[in-house]
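To start, I am sharing the structure in question, which I have written as structure tokens.
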Amino acid sequence: MRKSKAFLKKEFLHLIRDPKSLFLISLLPVIMLLFYGYVVRMDVKNIKFGVVNYDHSQFFEGLVSDMEASSYFTREGEFPSLKDCEKWIVKGKVDACLIIPSNGYKKLLTGKDTEVLLVLDGSDSNLATTVANYFHAFLAKFNSKHMPRGPEFRFSVVNFFNPELKSSHFFVPGLAAIFLMMICAMLTSITIVKEKEIGSLKLLRLAPVSPFQVIVVKLLPYLFLAVVEASLIIAVAELWFRVPFRGSLLSLGVSIFIYMFAGLSFGVFLSTIASSQAIAMILSLVLTILPSVLLSGFIFPIKSMPVLLQALTYIIPARYFLIIIRGIMLMGVGFKEIYRELVFLMVFAIFFFVISTFRLKREL
Amino acid sequence: MNEYVVEVKNLVKKFGDVTAVNNISFSVMKGEIFGIIGANGAGKTTTIRMLCGILPPTSGIVRVSGFKIPRESHKVKSKIGYMSQKFSLYEDLTALENLELFAALYGVNNRDFHSEIERLNQFLEFKPFLNSLVSSLPLGWKQRIALSCALLHRPELIFLDEPTSGVDPVSRRSFWKIIRKLSGAGQTIIVTTHYMEEAEYCDRLTIMHEGRILALDSPDSLKTSLEKESMEEVFVSLVGGSLEEV
Amino acid sequence: MIGPTGFIEVRDITKEYDGIIALKDVSLTLKEGKITGVIGPDGAGKTTLLEIITGLRLPDSGEVLIAGKKWTEDSGSLKRNLGFVPQDFSLYSDLTVEENLFFFGQIYGQKDGTLREKIEKLLDIANLKKARKRQAGKLSGGMKQKLMVLSCLIHEPSVLVLDEPTRGVDPISRTELWELIRFIKEQGTTVILSTSNMEEVSRMDEVVFLAEGRVLVQIEVQNLSELFPFKIAEIKTDRVEDLIEKVEKLKNIKATHVVGRRVRAYFPREYEKKVVEELSQIVKGWYPVSPTAEDVFVYLTGGFIGE
């Protein structure tokens, strides 16, 4: 009893003597709760949609403005044909497209049900499902308000790029993005911290080699390893999960290469912060997986986050790579559609590469 | 007069195929400063762990404070104290808090604790530092507090593991002065080290190598019999003879 | 390359970490081709001093000149001429002895052919030829220690700096390591090393005693005992406590120190006659001994005043 008391007292003293940790530990859950509370939301607002109106009647204008009034939908524009609408979806400018058949109004007047078509971006199957549900609810309300006993609007859904809305088609490329980032960051951070631990980093600093050289030779083998890793992941995605592949292998290869460079650079940066291999490992896990899962749009739609968090997503490489990999694999886009994302990843990679070089220079 | 606190006969410890301690025998008298000297892997630590009763011997007889090991190992624990220069105190606690903790762990009651602090203070003169955080103390004082923690429960036998490596010479000398006083008062002390300057302070010592005892005598007799100037040369000539670099 | 005053000049170095002084006004002049030891307890500032000399750390104030060159001006050529064995250095344990040496040679831009020859020579000197294909992690402690030194020697530096190379090393390995260091010195290399072990002083040419960030003294080892103002009488006894009591009663004995069963009594030179008389009354045999490096260090840090 007395011994337990002594131990208990000791543990409390440890806590009190380290106020920084105490503060962190007691506040961390609250911060996490607030953070997750905002991120983990499945409701979507501001679904951007386009309209292809083959009917041209006033009546359907009313339907569209009712949609806009619901605050869930925002009209982005009208397109002359389905082909143009598809282009906008590929570019990511609209999430959905409403196709109104010709003679739709006439059909209603003759007392027949009329069907409209909702075209969705199936490459983001989460979002597609949510949008379809919303539209269903909207239409039900619209029907009961405007046509209490008459003919009904019905709608059918076409999911472009992933017609069966297979979640694996959506998740597998996303997971690939997350795992590649994690592996790259972890590989490099550990290898440099290891040099610190065995004291050889001091020798490297004294040798006539520049920090730039040290980092480059550290990156190369792991870049090679990471490319092998990536090929394996893509192979599993293709051959096992049967994710379609509509784009070019070249554009995917180049994109993956740049993305990995970003991950490896970030890893080098982490190694300049971490003092032991264990810390490097934890840092690379926490700082790659968490943001990649939460803030990349992988599971939780970026649209539904508060503005501040949305802004934060712009510095998450996985956000960009997700657009790229889904674009290439599911939509078959080429460099023209993804060059902005690639440029960002390149900037991210070079930024951390340069910072690490400077930090390593001062490192002991 | 010849009261033995430790008696070891034909002690053997095997880990699988590896013989860590190979048939060693020695005795330590009450009040003696006894050294177990050897390189890393010579079998020092294994021997100490068996003397403390935390590692059962493969064969042989071990008696500590009259208790047979391993049969009465649990009784031995309260008879021994242990101090290592490395990691023995909690840096974020004060000296007094460290002492209180060790007192509680060894079941020293409050009244005894205060009289014990007084008694130890006569040797160690740590009172001015009791309320300082250990992390803020100079190495020499940390060492005294660590020693006090090991002595609080009045152990019959105390183990010192490389007690003064890296400590400044002034602190080292006063530390060994304290050890000598304790030994004069009947406290039995076993020192393990591979620092020869610490070996010199022992009354008698064994030099261990690859689980065996190569020599057992006082530092002076060893030097005289081997015609060497220093303990370092004694060690090198004894161990070097049986050493083979593979 | 040799300057008129000293090969390595350390001028008024001061260094603080978070307000704690690691080095204060340290000035040294180190000679070329000698073994200089920086000696002091843990926390004296040894590592900081060596890392400032090697250019790994920048001092808050003061400067270091090696062969007349400053780190801030000509780090390229200084780097090529310097070898450093850090205290926490532990090699690439998954690479073999040879692979380690190759790597450290190659980062100094050495050609494979000449490198192979040098490695051959070094392995021979350090008696590591048989272990060349073994992974560094599987070497014995002493062999590892030697390999670390070789790794920092492969580019043939003119200055070799070692931070506590004998820490935690058993006497056999220590002796071997010192043989290697002596060999390096004989090749004309300037060696600077640190240790907390006072016994190693006898193996050095010059010592720098460091305590609490300050230089107590810099002196040639052969002159060390001149610093010590006392004479020492050593008495062997089986009854240490009784003897101490008697000796300490003598008026002219400044201090005593017991090592094992030998009592050492310290007294000022000028009282030698009196002390000899007094001692002969209480003990049968005693003999004079010269001060150890530890004696000098204790004296310089004020250890005899309090006794």
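Note that the chains are named A, B and C in the order they appear, and that numbering of residues resets to 1 at the start of each chain.
Here is the rule we use: contacts are C-beta pairs under 8 Å (C-beta built on N, C-alpha and C of every residue); 3 or more make two chains touch, one makes a residue touch a chain.
Owing to the predicted nature of the structure, the values given are computational and were not obtained by experimental measurement.
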Nearest-to-centre chain - CA centroid comparison: C
Interface with more contacting C-beta pairs, comparing B-C to A-B: B-C
Interchain centroid distance [CA atoms averaged], chain A/chain B, Å: 61
Whole-Å gap separating chain B and chain C, where each centre is the average of the chain's CA atoms: 28
Chain C residues touching chain B - in the complex, by the definition given at the top: 40-44, 127, 130-131, 140-143, 167-168, 170-175, 196-199, 211, 236, 240-241, 257-262, 294, 297-298, 301-303
Residue ranges of chain B touching chain A (in the complex, touch as defined): 90, 92-93, 97, 100-101, 103-105, 107, 133
Chain A residues touching chain B - in the complex, by the definition given at the top: 2-3, 5-7, 9-10, 13-14, 17-18
Of chain B, residues touching chain C in the complex: 38-40, 138-139, 165-171, 173, 176-177, 180, 184, 194-197, 200-203, 218-220, 230, 232, 235-236, 239-240, 243, 245-246
Chain C residues within the chain A interface of the complex: 51, 54-57, 76, 79-80, 82, 84, 86-93, 104, 107-109, 151-152, 155
